[in-house]
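Scrolling down, you'll hit the structures one after another.
What follows is a pair of complexes built around chain A, which joins chain B in one and chain C in the other.
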Partner chain A sequence: MRAVFRKEAVSELRGRHGVVTSLLFAFMTVTALGVAAARTSPTPSLAAGMLWAALLFAAITGLVRTFVTEEDQGTGDLLRLWAKPGAVFWGKFLYNGALIVLVAAIVAPLFALFVGVSPHDWALAVAAIFVGCVALAAAISLCGALVARAEGHGALAGVISIPVLLPVVFLGVGALRIAFGEPGTSGWVSVAGLVGLGAAFVAAGPYLFAAVWKQ
Partner chain B sequence: MIEAERIGKRYGDRWIFRGVSFYVGQGECLLVTGANGAGKSTLLRMIAGLEPPSEGSVGGAATVGYCSPELRLYPMLSAEEHLQLAGNLRGIPASCGLLDRVGLHAKARDRVSTYSTGMRSRLKFALAIQQRPELLVLDEPGAGLDKGGRALLDELVDEQRKRGAIVLATNDPAERRFGDLELRLD
Partner chain C sequence: MKLAYRILLALASIGITLMYAMAPPAQGFREPGSARILFFHAPEAMLCIFFFGWAAIMAGRYLLSGKKGPKSVAFDIRSMAANEVGFLLCFLATVTGMVFAYEQWGAAWDWDPRQVTILIQLLIYAAYFALRSGFTSRERSAANAGAYCIFAFLTVPFLLWIVPRLSQIATKHAGANGAVVGGGLDPTYRTIFYSCAVVIGLVGLFCYKLRVREATEAQEAIDNEISNSSSSDSRVVQPVRLRGSD
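The block that comes next holds the complex of A and B.
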């Protein structure tokens, strides 16, 4: 698992394709939202939705990174020869998670600056973004793992990812809008939901991945 | 050492081959020959465990080393990092001395993207023998090798005979001398 993570990180540090693409997507989204919200003060619900849209755009590039790129480059056979599917899934999930959390750490302050919103409940906001990013990484890793070896995986990834990503975004927005000041008490419940969802994806991922790994 | 029983491979409705059986014992080299598209590489992938057969069964060797021109290396990693990655995932020492053995010591820390075809083949040899496999599966092993590379291939085949068995796919007349048994796919 650590070896796969290290391989992904070293390749990324030398190529910088993933982080640059993610940051570019996120920066452009935040800038566009900032311009759109220049003369208005978005409601907590709208601000939460906007920030999650930016994070989702940044994270979605990970769908074609790691698993799909491995098969497209033809290097998947190396991992099939050397590693167990569980180690590959965990290594790539951790890498996706680290990258999305890193991007979020840059995007969230930019969003606050450009759009002009700041959390009323900092602990809930940080928890919602962090746990949400990890759940997002789990969902994206699961989808990427399942479609990587399929023909026409681009279209298939889109179809599979919608029902997997929607609950993550729904819960993430739910937690963040309360962190941004909307009245309610369900913020931490949504964070708990994200933890459960992420755990379910991570638990199912290695088994589902193992089933398609050598097909 | 390695046994296949009535194995076949089908893509869609088309059978690439069917009913293939063989046994390769200790110290033996099975030569797999046949026209392009006959399924040599597919058969070798099945033996290496990279693809399941559509019917029949194949197995026997606990550890398999695999080398093929189709195998792609990580362009951003060096030869040394490839051995470290493979070693970590397999739970064995990285054995960077292998790079000396295959003539890549001077380029051990260069990225694979800067390697020639022959140098990549040498690294694939090193990765294939890293865990001292019981079975060595070689697909067109001489492709892209210079004279020194071919001498290295001779050494590796001789060494593997002492350790286990070999399955080698080729249409190169110069490599036919390695074979003790022949399986022709048509």
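The block that comes next holds the complex of A and C.
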């Protein structure tokens, strides 16, 4: 697991494709949303939805490629011979999780600056974004593995990832809009829902991955 | 027996249609007459979960099968058929819900949490069919789609039970939930509602079995074609010795 994580990190440091692509994509989304909302003050619900949309598309752009690149470069078979499926999944998932948390840590303050919103409840905002990012990473890691050997995997990755990730976005928006100041007390209930969904994804991921990885 | 079952099913379908037509208008609705669409809408929404669950179980059995040989295609076919029937029921529940919303709330699509969650559910299972058709290898298609089917089913409890019941989310379905699940239906409505649920379930089961049979026969035809083409070596050009070549 550590070796797979290190391999991903070293590859990233050499090429910097994943971080740069995700960051640029998220930044461009934030810029587009900022332009769309220029000189207006979006409601907490709208601001929460905008931030999650930026994170969702950044995640799909950057994270799916961890498995797709293996197949494109022909290194997938080597990895199948060399490592156990569980180690591959956990290594890639941890790498994807670290990547999306890093992207969120950079994009969220930029979003606050551009769109002009700031959290009223910092703990709730940080918890919602962090847990949501973990759930995104787990779901996208598996979806990336499922489409890696499909025809037209680039488009298919988005098609199968987005519907599975919408519940994460739904709960994430529910928590973040309260963190952004909308009246309500159940923001932490949404975070609990995110924890449950993320735990379900993380628990099922390695088993489902193992069932398809060595096909 | 099969003919008797089909005749009974047809009669039961006619029966629930008549019951639907003769049921008295519901009380407490803006359009009391159109509220009777509940007899079809709610059972479809409930039964699609059953079919999606069955599809996930069959997908799991497919992935676990064949530890000492080829995987059992029958489980994959059942999983696919259950997803197809579940998707159809989910689609019908969405459409009947939109008709109900148009009559009662004044707009077919109101972004009510229930509408959003069932739309997400539809998208998830549409993606399942897209993934299924993305592979040229049958085994790879079945294994990947099966894994996605199980993964997708993990979202069902969150989408259909947890999210719409979060206290911060105001849903217009709260009254309907209380009426159907909480026993708020009057005896006539309750009788018709459960009759409709049973008949729609049986029709769904009938469609499922029909689809499984059709897909199994199609698979057998493909398998026979492959085995025939591999055994007909006589058609392959064999090397021959030419006279006088040596």
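Convention: the second predicted complex is superposed on the first by the 205 of 215 C-alpha atoms of A that agree within 3 Å, B and C clash if a C-alpha of one lies under 4 Å from a C-alpha of the other, contacts with A are read in each partner's own complex, and residues count from 1 in each chain.
Operating definition for what follows: a residue touches a chain if its C-beta (ideal position, glycine included) is under 8 Å from a C-beta of that chain, and two chains touch if they have at least 3 such contacts.
Predicted model, so just to flag it, every value in this text is computed and none were measured.
In the overlay built on the shared chain, the residue A:G74 is in contact with chain B alone; chain C does not reach it.
Residue contacts after overlaying the shared chain place A:V20 against neither chain B nor chain C. In the superposed model, A:S11 makes contact with chain B only, not with chain C.
After overlaying the two complexes on the shared chain, residue contacts for A:I160 are found with chain C alone; chain B is out of touch. Shared-chain residue A:W82: touches chain B; no touch with chain C. Once the two complexes are overlaid on the shared chain, A:M28 sits clear of chain B and of chain C alike. Judged by the touch definition given at the top, the superposed model places A:A204 against chain C, while chain B stays out of reach. Looking at the superposition, the partner that touches the larger set of chain A residues, chain B or chain C, turns out to be C. In the superposition on chain A, the residues of chain A touched by chain B in one structure and by chain C in the other are 215. Interface residues of chain A, counted against chain B in their complex, comprise 2-4, 6-7, 10-11, 14-15, 73-75, 77-83, 87, 214-215. Chain contact summary for the complex, chain C toward chain A: residues 63, 116-117, 120, 123-124, 126-128, 130-131, 134-136, 139-140, 143-144, 146-148, 150-152, 154-155, 158-159, 162-163, 166-169. Chain B meets chain A in the complex at residues 48-52, 64, 66, 70-77, 81, 84-86, 88-90, 111, 127. The touching residues of chain A, when paired with chain C in their complex, are 139, 142-143, 146-147, 149-153, 156, 159-160, 162-164, 166-167, 170-171, 174, 178, 184, 186-187, 189-190, 193, 196-197, 200-201, 204-205, 208-209, 211-212, 215.
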